[in-house]
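Across the two complexes that follow, chain A remains constant while its partner is chain B and subsequently chain C.
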Partner chain A sequence: MKKLKPSRILVLSTLLTRELIRDKVFLSLSGAAVLLVFASLILNEMVVGIQVKATKDLGLSVMNFFSLFIPIFLGINLVSGNLNNKSLYVIFAKPVTRTQYLLGCFFSVLLAVACGILVITLTIFFLSFLQGQTWIAGLLAAAYLTLLEMTLILSFAIFFALITSPQLAMFLTLLTYIIGHTLQQAVLIVHSSSNFVLKYIIIICNTILPNLEFLNKKQEIIYRLPISFSYYFNATLYTLSYSVLIFIFCVFLSRRKEL
Partner chain B sequence: MKKSLIPILLIAAMILCGVGVIVSRGFLSSQLKGTGEKEQDLYLPDPVYLKFIAAGHDGLVSDLVLAKAMTYYGSHYRERGKFTFKHLKKLFFTAIEMDPLNIDACLLAGNILSEIDIHGAIEILKLGMRNNPESWKFPEMIGFKYWYKLKDSKKAARYYEIASHLPGHPPYIPSISGKLYEENGRYNEAIRVLYNFYSTTQDKRLKESFKQSILELQERINHR
Partner chain C sequence: MYEQKQFQDKIITAKSVSKVYKKNFRSIHALEDLSFEVFSNQILGILGPNGAGKTTLLKILTGIIPKGRFTGDISIFNTEDTNSIKHKIGFLPESPEFFKNITASELLDFALRISGNLSNTKTVDDMLKHVNLFHERNEKIKNFSKGMRQRIGIAQAIIHSPELLILDEPMSGLDPQGRRMVIDLIHNYSTEGKTILFSTHDLDDIEALCTHVLVLVKGKILLQKSLNELRANSSFLIETESNEGKSIYKAENSTAFWEHMYKIRKESNRIIRVQSGITEQLEQYYREENEVGEGKNEERRKHDEKA
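Now for the complex of A and B:
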């Protein structure tokens, strides 16, 4: 592990994060996300339920979608772009290994995701506050779970960026997100099905692929239902284990890749 | 073409386009108004599949469906007698199935729907009761609908009794339940409901009032 040199990874990820945050795509996505959260003011007029329900619902969904687009658009472009435009040669001419570079990419995108989540979190807090409610604990819990979810998605995005073209990698990452959120429901739907092949395919997929519904506690958070500390611990453990596993695959792939 | 003519032509073209926008807008909005009077078809998947499509954003989808239900009801509110509101029940059901914890939405749906389809309203309220078994508001409202809308005091009494066993219920609920049982000549049930509240309440005035009612009912049983 001596070879990893955390200081180099830190320098690399700081530089890459700065580049990502200055990117027009990041800025326009942030602007669109903030505007969308503001749109909840209109939706609040038409929705019945707990105080500022629409702001919370729409805000948390926007937070999720917005942070999903960062690994998809920026993360994949960062890895594939540097591979394709040969700027990796310049980087590898410096004393940086492939693993260090991948870790740098991973942490830089994760940092950009965290910045994006922070922007949305502050917007939701501000809007809730404007409407007479201070919502902090739930909001922070939701932001944390979104960050965990995006860590998982990011590891898949880097994995796909290494094995396919950027466009296909974007599509596959988006598919992973959709499958991750729908598998649990799919299991319920096929549970009573007589089609055994379909049933077992879904069950196998549910076992192998990540279940992102473990990290989706929006309803519980919005309705202030208790979520135990052990749940957060297990969710963190699940995310870290899965992400590290995928990342190890990425390291193997990058070592075998001919530049 | 003379260069000096170009700005004039551009301004003329702009005015023409502006007139075009105003005319077509008026035409389109009158057409929209025309279609609004008819019941249009609504494609809304079953909540099981909609949950699948929502990909974890059930709350937001529920809000959007609820907003659609409210605008659908609101935009035809003045035509209540003529308009059938055939999609309202499905819209409310979907919104509630997508977000079962939204008690207020379910109660509102039950209340609005009772003006159009009382059995549909009761069905929605029963769904809310299943999803939120600790809330006294659902059995109370179901009881009220049976009593006031369907004039079925037997069923109403049963639901008021269920509400009287749930935490946080207001004091009038056991009293209504007792009265409804009494109306049906079911004095023992009435006493049971009133006694349940009498033995659990801490309020002295309420205790006295319920004690009085229980004694009156006891007397009636004795005079039978």
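Now for the complex of A and C:
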């Protein structure tokens, strides 16, 4: 920890967060997300009696969908783009190690994701308030679980950015997200299947890739079903341990990267 | 100008440094068995054509290429752990690139804080004034011209007052005013007792600025000498003007040069131009190496054909 020098990571993260949140991509994504949440007002004209539910449903889907683009577009570009141009010469000639740089990237993208989630959360809160309902606890729970999910996606995005081209890294990260959400159902389906090849592929995927559906409690949150405290603890532990493991691989890969 | 300088403390020691890049299953030898030393207060010019290995050498010295990615030993400020002494080094890369959404003052503030110094608005503003970018301090760097980027690059390299300044082709892309600024900076830094390394293609820069020169060709050291040594072996052309008109004198060595300078002063003649033969000497080294290199290539080709 002493060698990692948290103060240097903080200085680096501050610089990189400024770089990210001033990026046109981030501003466009946040703007589009807010507009889409507001579009639920139009949707409300089409549904009767469940206006608030429709706002919540659309709002949380927008939160998850738009947060996903921040690690995919900004995270991968930050790592991959800078590794391929000379802007890192200035950084690495200063007292910054590759591990510190990766941690700086990780925390700055995570902060940008948190900023994006905050903007969408405030928009949903404002809309539900307009519809006569104050919805705080569920909204905060959804925001927290989205942040956990994006932490996992971000570690995979950085990992792919280090081993392949930016375009392929974006595709693989998106694939991880899709597989992560469908894996739980796939395991149940192949359990009764006689196709051994498919069975083993699913088992391997299930072992390597994260189960993102574990972090999806959208229905429980919308219908105000109780979620235990131990679930939040387990979800946090699951995300942290998975991310740390992937991050260790990233550090190893970055040390081998030729600048 | 540099005759009185003392080069005592060893700042850099490089022993058998080699670097091989692997590209498309091919090995490219960027540096081969380089050994040299740099002492405090030196201005070392690293001269060489494109692909000579200048930038690779500077990347190793600044720790951009870390230990383990090259062979040999590098010791800077008596330590082999480059990371621990990076705050004592300032580096300007060739055609520097920066994060595009960061402003000039934010970059300098970052450079100051990451090197372990406290954030100081006055230091940042003074530095921006020094490189003539104070009015553009809140402008994003992506909107800067090439010359402005070079100047902000220099500013981020020196804001923390490094002991060792490493500049990769600092004059490239600069107008005459910008060149003057870099030349003054190198002179001022040198008078403060700091050590400076810079790479260049330009032989005139070497002659005008350096105390020592290291010529790199194809990843190998072709020549490493002080400029005084080169001066001792070079001829000089001295153009003077007196009441009787202009005259040109060619001194065959430094002794003859100083004798003639004494004579000029005694006769109160005006010196119009002094031209040393260092540039010619360096050019000759280049030429010889290229001829030898081509000869070697020819031999290799014949050998390959036979095989």
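The definition used in the following text is that the second predicted complex is superposed on the first by the 252 of 259 C-alpha atoms of A that agree within 3 Å, B and C clash if a C-alpha of one lies under 4 Å from a C-alpha of the other, contacts with A are read in each partner's own complex, and residues count from 1 in each chain.
Just so it is clear, a residue touches a chain if its C-beta (ideal position, glycine included) is under 8 Å from a C-beta of that chain, and two chains touch if they have at least 3 such contacts.
Please read these numbers as outputs of a predicted model, since none were measured by experiment.
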| item | value |
| --- | --- |
| Superposition on chain A - do chain B and chain C clash or fit | fit |
| Touching partner for A:189 - first (chain B), second (chain C), both, neither | first |
| Which superposed partner A:11 touches (first chain B, second chain C, both, neither) | second |
| Touched partner set for A:66, first chain B, second chain C, both or neither | neither |
| First (chain B), second (chain C), both or neither touched by A:94 | second |
| Which superposed partner A:23 touches (first chain B, second chain C, both, neither) | second |
| Inter-chain angle, chain B to chain C through the CA centre of chain A, in degrees rounded to a multiple of 10 | 160 |
| Per-pair minimum CA distance [chain C against chain B, superposed on A] in Å | 34 |
| Sites on chain A touched by chain C in the complex | 8, 11-12, 14-16, 18-19, 22-23, 82, 85-90, 92-98, 255, 258-259 |
| Contact set on chain C toward chain A in their complex | 21, 59, 62-66, 68-69, 83, 86-87, 89, 91, 93-102, 106, 110-111, 113-116, 140, 153, 156, 166 |
| Footprint of chain A on chain B - complex, ascending | 48-49, 51-53, 55-60, 62-64, 66-67, 70-71, 99, 101-105, 108 |
| Chain A to chain B touching residues, read off their complex | 43, 46-50, 53-54, 56-58, 60-61, 64, 177-178, 181-182, 185-186, 188-189, 212-213, 216, 218-219, 222-223, 225 |
